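Below is a structure I'd like to ask you about.
Per-chain numbering from 1; labels A, B, C, D and E assigned in written order.
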Amino acid sequence: VDLQFYFPVAVGGKAATTIQELTDEYAAAHPDVKIDAVYAGSYQDTITKTLTAARGGTPPQLAVILSVDMFTLIDEDVIIPFDDVATTDEDKKWLTSFYPGFMDNSMTDGKTYGIPFQRSTPVMYWNKEAFKEAGLDPELPPATWDEMVEFGKKLTKKDANGTVTQWGLRIPSSGFPYWLFQGLTTENDVILANDAGNKTNFDDPKVVEALNFMVDLSKKHGIMQPGIIEWGATPKAFFERQAAIMWTTTGNLTNVRENAPFDFGVAMLPAHKRRGAPTGGGNFYIFKDSTDEQKAASLDFIKWITAPEQAARWTIATGYVAPSPAAWETQAMIDYVKGFPQALVAREQLEFAVAELATYQNQRVTGILNDALEAAITGTMSAEEALKNAQAEADKVLADYR
Amino acid sequence: MSGANKTGVTIDIRHLSKVWRDKAGKETAAVDGVSFTAEAGKFTVLLGPSGCGKSTTLRLIAGLEAASDGGILIDGKDMTRRPPTDRGIAMVFQSYALFPHLNVEENILFGLKVRKVPPVERAVRLRRVAELLGLQELLDRKPNQLSGGQQQRVALGRAIIAEKPICLMDEPLSNLDAKLRHEMRVELRALQQKLGLTMVYVTHDQAEAISMADRIVVMNGGRIEQVGTPTDIYDRPASAFTARFIGTPPMNLIELKRGLRGWTIPGTDAPLPLAIDPAQGDTALLGVRPEDIRRDPSGIEAVVEAVEYLGADNLVDCRLGEAVLTARLPRHAGMKPGDRLRLGWGDEAMHLFNSVNGERLPLTGQGSAPTPKHDAAKQMASS
Amino acid sequence: MSGANKTGVTIDIRHLSKVWRDKAGKETAAVDGVSFTAEAGKFTVLLGPSGCGKSTTLRLIAGLEAASDGGILIDGKDMTRRPPTDRGIAMVFQSYALFPHLNVEENILFGLKVRKVPPVERAVRLRRVAELLGLQELLDRKPNQLSGGQQQRVALGRAIIAEKPICLMDEPLSNLDAKLRHEMRVELRALQQKLGLTMVYVTHDQAEAISMADRIVVMNGGRIEQVGTPTDIYDRPASAFTARFIGTPPMNLIELKRGLRGWTIPGTDAPLPLAIDPAQGDTALLGVRPEDIRRDPSGIEAVVEAVEYLGADNLVDCRLGEAVLTARLPRHAGMKPGDRLRLGWGDEAMHLFNSVNGERLPLTGQGSAPTPKHDAAKQMASS
Amino acid sequence: MEIAVDTSRYDRILNTIGAWALGLLWFLPLIYAVWTAFHPGAYATRFEPFAPLTLQNFVNAWNAAPFAHYFVNTVMLVTMVTLSQFVLCTLAAYAFARFEFPGKTLLFTLVLLQLLVMPEMLIVENYQTMRVLGLIDTIAAIALPYVASGFGIFLLRQTFMTVPKELEEAARIEGAGTLGILWKVYVPLAKPTYLAYGLVSVSYHWNNFLWPLIVTNSVETRPVTVGLSVFSSVDQGIDWSIITAATLMTSGPLLIAFLLFQRQFVQSFMRAGIK
Amino acid sequence: MMGRREWIHGWLLLSPALILLFAFTHYPAVVTFWASFFSTPRGKRSAKFVGLENYQTLLTDDKFWQVLYNNLLYAGITIPVSVALALIMALFVNSKLHGRGFVRMTYFAPTVLPLIAVANIWLFFYTPGFGFIDQVRGLWGAGEANWLGNPDTVLGALMVVAVWKEAGFFMIFYLAALQTIPPSLREAAAIEGSSRWTFFRRVTFPLLMPTTLFVSVNAVINSFRLVDHIFVMTEGGPDNASSLLLYYIYEAGFKFWDTAHAATATIALLVLLSVLAIGQFFLVDRKVHYR
């Protein structure tokens, strides 16, 4: 059986080689299956390539694509639910072996469309040295919003001209600000969209409140750089002591560990009304336009690669969160965590994690939210107004899907 | 050259016209209903003042411009709308049109390479042409490394080497020095005759025209003034225009008035021995070539106004009554402005033209010349 | 022209050289240690065969090329390394160098606009120049819509209108017809004298050189052959090169041999009445100008080989023993190949040159000329 | 011209200063790239004169993808594209510059239209065409949509229009046919333009990413940009050290080629001779 | 040059290029045009004819108008600046200069470097605090500035990148054209005493017109087409302040997979560009002097 498998790389160079190794290993063990693992660029490139190929009549048999693009893929009618092929009891058990926080994004209508593979969640990193300098306990990260503000004020340093040389906090807001913002809304105990993916809650007062808090971090409290904060430069800013605390993905763990010139800590995002964070990252999908044989082989491959041993290797190589509890139980993982306990934080946070904002026409709807967030952050609109507009627009887009 | 034994072909130009239209829509007829024949194997020269349409005519024959009207027959076949390649021509451009990216050798051989002449023959022909034109030393220079005259020789070489039955040349010698030009004149003429080329040659140098041409076509303002052999044109110019145009220095043209006693030069009293059809009116133009004017004790009195030294001769401007005549006198004659002398000329040296339309008038009668001794003088000069 | 009353300035050329180096590193000396002075307000002509370095010399004077060696003083100031603008020159380029995107008027006025001459004056000067050159009708044409001669006139106009103290012209009349050229010659000379311009003028036309120049510089292969007034050069050429180069048709040069009875033309027996310093060896070159040769019953016998019709005259190639001489004979003489005749020339018509290095030899002795009647003949001809 | 100059000495100094100042400004990103690529990551944002040098960034970049293979592919791709562009665009440009035929303006408009149409818009349709042609995952498929380049046709047309017509006439008289004239007169005279176009076209296709990514799947066909893109995914923030190292590694050959070829511009192969 | 033959030759010369152009440009373009009258097909729901509805949607989309405004502003500034700079650069490196080859390379380097990589470098330059620009500004005691994070400055920051990228690209064409101007014209002008500036204004520049036409048509087009740096640097943000038309189309097409909307916007862009670029071409072409 020939299988074509598109995968993206979103974290550093090792990911591609690891996937290649894993597929080669699988192919060696299954001589009847040939897997052509095709590197397809970033997540965005991957879905572009996939849909272009699908429309051109030659889709891959399986691919790793953002979990939030599930609705898009359903909408385009190019993928099948795993329930169609995972029919044995063993398969069904396998479907339930992943963290529910990840499965939220992989199911709709009671059917499973995606299998979590390279998944992540945002966490908080802090600079222990900076904490010490500011007279804070370096081992004690802020646990609540209030603490975060309080610590942040202490951590914000200015030079003689009044120019800030170190910000207390950095929550990047470029590109896809909704993701980290979803951390705040979740903590404020509100969800942004329903499970069916056809209704959003952007103008909920709690969302407004969360956004106001985010805006106030720079405007009122002065602990975060004003304006849009670049996602890509965030780790570097952290290393350069531009910011003492940063929020970013667990995917950065390896990077921070290797490059931070100081002792750092990793913690769950601080709580407000509750603890919480969104998940993120990519799922496996199986494509419709394949023979049954191919579908079965694809399923088998996915089962193999998400099995604990392989998942552990993948996690260790890339820093992504292993998607099933069993993976964390493997010896490799246990050894890894022992040497690097910060890796555990993500797993612990999964307990509180919610689905990443995903709806039909996902990118358009999140785009609307992004625009609203950016408008509020840059001060062109009040949070309330921006979110109200965003909700109205989202309603317009999603009306077709109700 | 190499075994070529072509015989030129006849070119027939019939009522050919070329009109340029500028942006404002104004039309200029560069060539205006011209008809003539360049006979097979003959040397035809187009002569005329700057801007009279010589180059345009040549370009029409070459097929580089589309005729606005009329036709061109080559070897009896209508070629008016055929591309240049089909016409069997070689051409020297007035502006040379050398390929700036090719060196001299490549420029000269361009056509032969295009026509896939075998390398051995190319080499042979190249050697001959380069020698003929004195370009041996320059073969690997680019045009921008050549002097003006050298460029012109390259352009000439490119045309000569082609050995086409028709050769069109647009002022091919204008940038050469007198010596080289004289040599080239002889060489070109010999070559043309040897190969039996039909040559159409544009020049503004009448020494060239007269010495090389079998036939001269004199043009003016896009039209033909006269077609004839060099002697025809020199000795019997058909119009005042041709008369003044041919000859260096040009023919003197003096307005004559019919007086009581006959035709006189205004300001002088002795009537000239002329009989002109009275229907021609009361004025006429008398033409006398400077070289036909001699000092003649019994001639008309004149005052020297200016002397131009020309090496071999002096050109002496003399006032006769109200007219000024230029005479070519021997250089050792030692004349200076203010000198008085008497001038005369032979009967057959006189040309008469209608003073309105410039047409040649027949000399219908014979009176007594003011230079009774002219026969003797002629005798003497050619002794 | 308009109130300009400039007096030209002197140009001193001192040991000027220009070496071209090609890609292979081969060097060509286009100008090779040239020194001469173009005097203030005088008309200096550079004359020489194609490729001898005339244009290069002119471009060096203009500052368009950097001298490889030597210097240029203008008005006493060393200008060797100063840019063209500082030298106060106007120039006509051999290739015209017209601005292709500007029309005739704009081309001519280019310099005046650059120098911010007020519009009123520009218009006045333009009108004069256009009239002088017959360009009135063409003022709004682009160069590519002009004939070759018209383009040349525009280039001339651009230089004339500048009214700079120095004017450099590189074959400015080569594309004009004889009539226009003659007119332009007179006009340019008048203009130059009126404005007191220092003119350096390159031409290959010696009629032009001789009639216009105050001084002629004859160049050959990058070096100067002779500097002198037109009469000097024509009447006493300093070398065989100059002798052959100046004059149309050129001077006849015949190799003489010292025989038992004196100097003879090989193949003839009558010795010529010459006395040459015996130190010069046994051969010498005798030069005689074609126009100095006459039919002379007591002269040397000759056979006509070819006759070239030139309008005003015939050029007759005659064989004298082993030598061939060209004689300019009157056109009505009616000669044809094969005719026999006797030719003679005056003593002062003879020029002698060293047959090895071409230097002029003094005529130290006088014998009896082969043409005893030459004085009478001269008398007659100028009667 | 070799004007015997010294007034323009100041001119020349000013000129030199201006040119170099602008040059350095323009070069800043590349200077930064060189700095970062040769220093450990910690110095990517700090410019200390004596920071330690390292080649590790290049080693890491080289190992992240089969670059050797990709280079071969890219070189094949740009050669193929550029050569076929030269041929096709030359023919078409010549027709537009020097021929009169009905529909010329319309066709030229259509060519210009290609300049306007962005390649992204055509991806889906062209992918289908390639599949029909059976060219998916071949270098030809990457090249084909770009071979008839409106840009090239337009550029060469502009150049051909400035070639003196006499030269064509002279060649025509010598018996050269349409293609002969094109090849022997226009092409050599347009050499600077071909160089310019070649450089630009090579850099464009060297750096083109999205279409090659989509239409190819295997290491045997993919160009270096696909390898390069591994470093520019920003999930974990930007690692400038490795991006710049990879960039220098992939674009280095181009920069060197440019340094070599720009000399050709200097040579005045097309001077004078043209009046 | 004679009638019919010339036609045939003309067409023959054109045909290879035209066939490919039709196959890979015009046919897809027509499909796009056609698609703009249909709704977006999504999986099970196939496209249905909607007439001008898509256009109506487009014209009532505030974001479209904002993006259009951004783009016109962007074009209005980057085009003249980059063309002028290109010309200056070409003149610089066409004259005698020490290290001319190197200077040429510096100007041309932006064209050679892949935009994704370069955009990342620019991203660093613009980064507040420790970014290159802020480090330099820091030397003067200035505080940090968030160039890309502020809607007032972000478009300007992108314009700088565009000019940087484009100027060297256009310079190459100017440089090639400068090489074909006969030196005798400079000589003639030098004799007339014209300064470098006058010579440039009165001779060089008019003779460069064919190139300027070429370059400016391309500049117009590129100012609407070159958006790669937006992907890396701002993704159109904040709040669309740096979004340009093509990015908008790209989002509609490849992020929202709303192909009908993308097609419609594409057609709008094509019409706009045709008017600007092709109109410009035909307007100017007949006035240009081609020698």
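One rule holds for everything that comes next: a residue touches a chain if its C-beta (ideal position, glycine included) is under 8 Å from a C-beta of that chain, and two chains touch if they have at least 3 such contacts.
Quantities reported herein were computed from a predicted structural model and do not represent experimental measurements.
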### Message
Please report the smallest number of touch steps linking chain D to chain E.
### Response
1
## Note on the structure
Most heavily contacting pair of chains is D-E
### Query
Whose C-alpha centre lies nearest the centre of all protein C-alpha atoms?
D
## Note on the structure
Expressed in whole Å, how far the mean CA point of chain C lies from that of chain D is 55
### Query
What is the distance in Å between the mean C-alpha positions of chain B and chain E?
59
### Task
Please work out the Cα centroid separation of chain A and chain E, and write it as a whole number of Å.
36
### Summary
Where chain E touches two or more other chains simultaneously, the residues are 1, 120, 123-124, 130-131, 182, 184, 187, 190, 254, 291
## Note on the structure
So chain B residues touching two or more other chains come to 83, 95
### Query
Where in chain D do residues touch two or more other chains at once?
1, 3, 8, 44-45, 124, 164, 189, 229, 232, 234, 238, 240, 268, 270-272, 274-275
### Summary
Touching chain B in the complex, chain C uses residues 20, 22, 47-51, 54-56, 94-95, 141, 145-150, 153, 170-171, 174-182, 204-207, 210-211, 230-231, 234, 244-250, 289-291, 294-297, 308-313, 315, 328-333, 377-378, 380-383
### Message
Considering only the defined contacts, which chain D positions touch chain B in the complex?
### Response
164, 166-167, 169-177, 180, 184-185, 188-189, 191, 268-275
### Task
Please give the residue numbers of chain B that touch chain D in the complex, ascending.
59, 62, 64, 83-85, 89-91, 93, 95-102, 110-111, 114-115, 142-144, 151, 158, 162
### Query
Taking the complex as given, what residues does chain E use to touch chain A?
42-44, 120, 123-124, 127-131, 141, 143-144, 146, 148-151, 234-235, 237-241, 251, 254-258
### Message
Give the list of chain D residues in touch with chain A in this complex.
### Response
41-42, 44-45, 60-61, 63-65, 123-124, 127-128, 130-131, 136, 210, 213-214, 217-218, 226, 229-240, 242
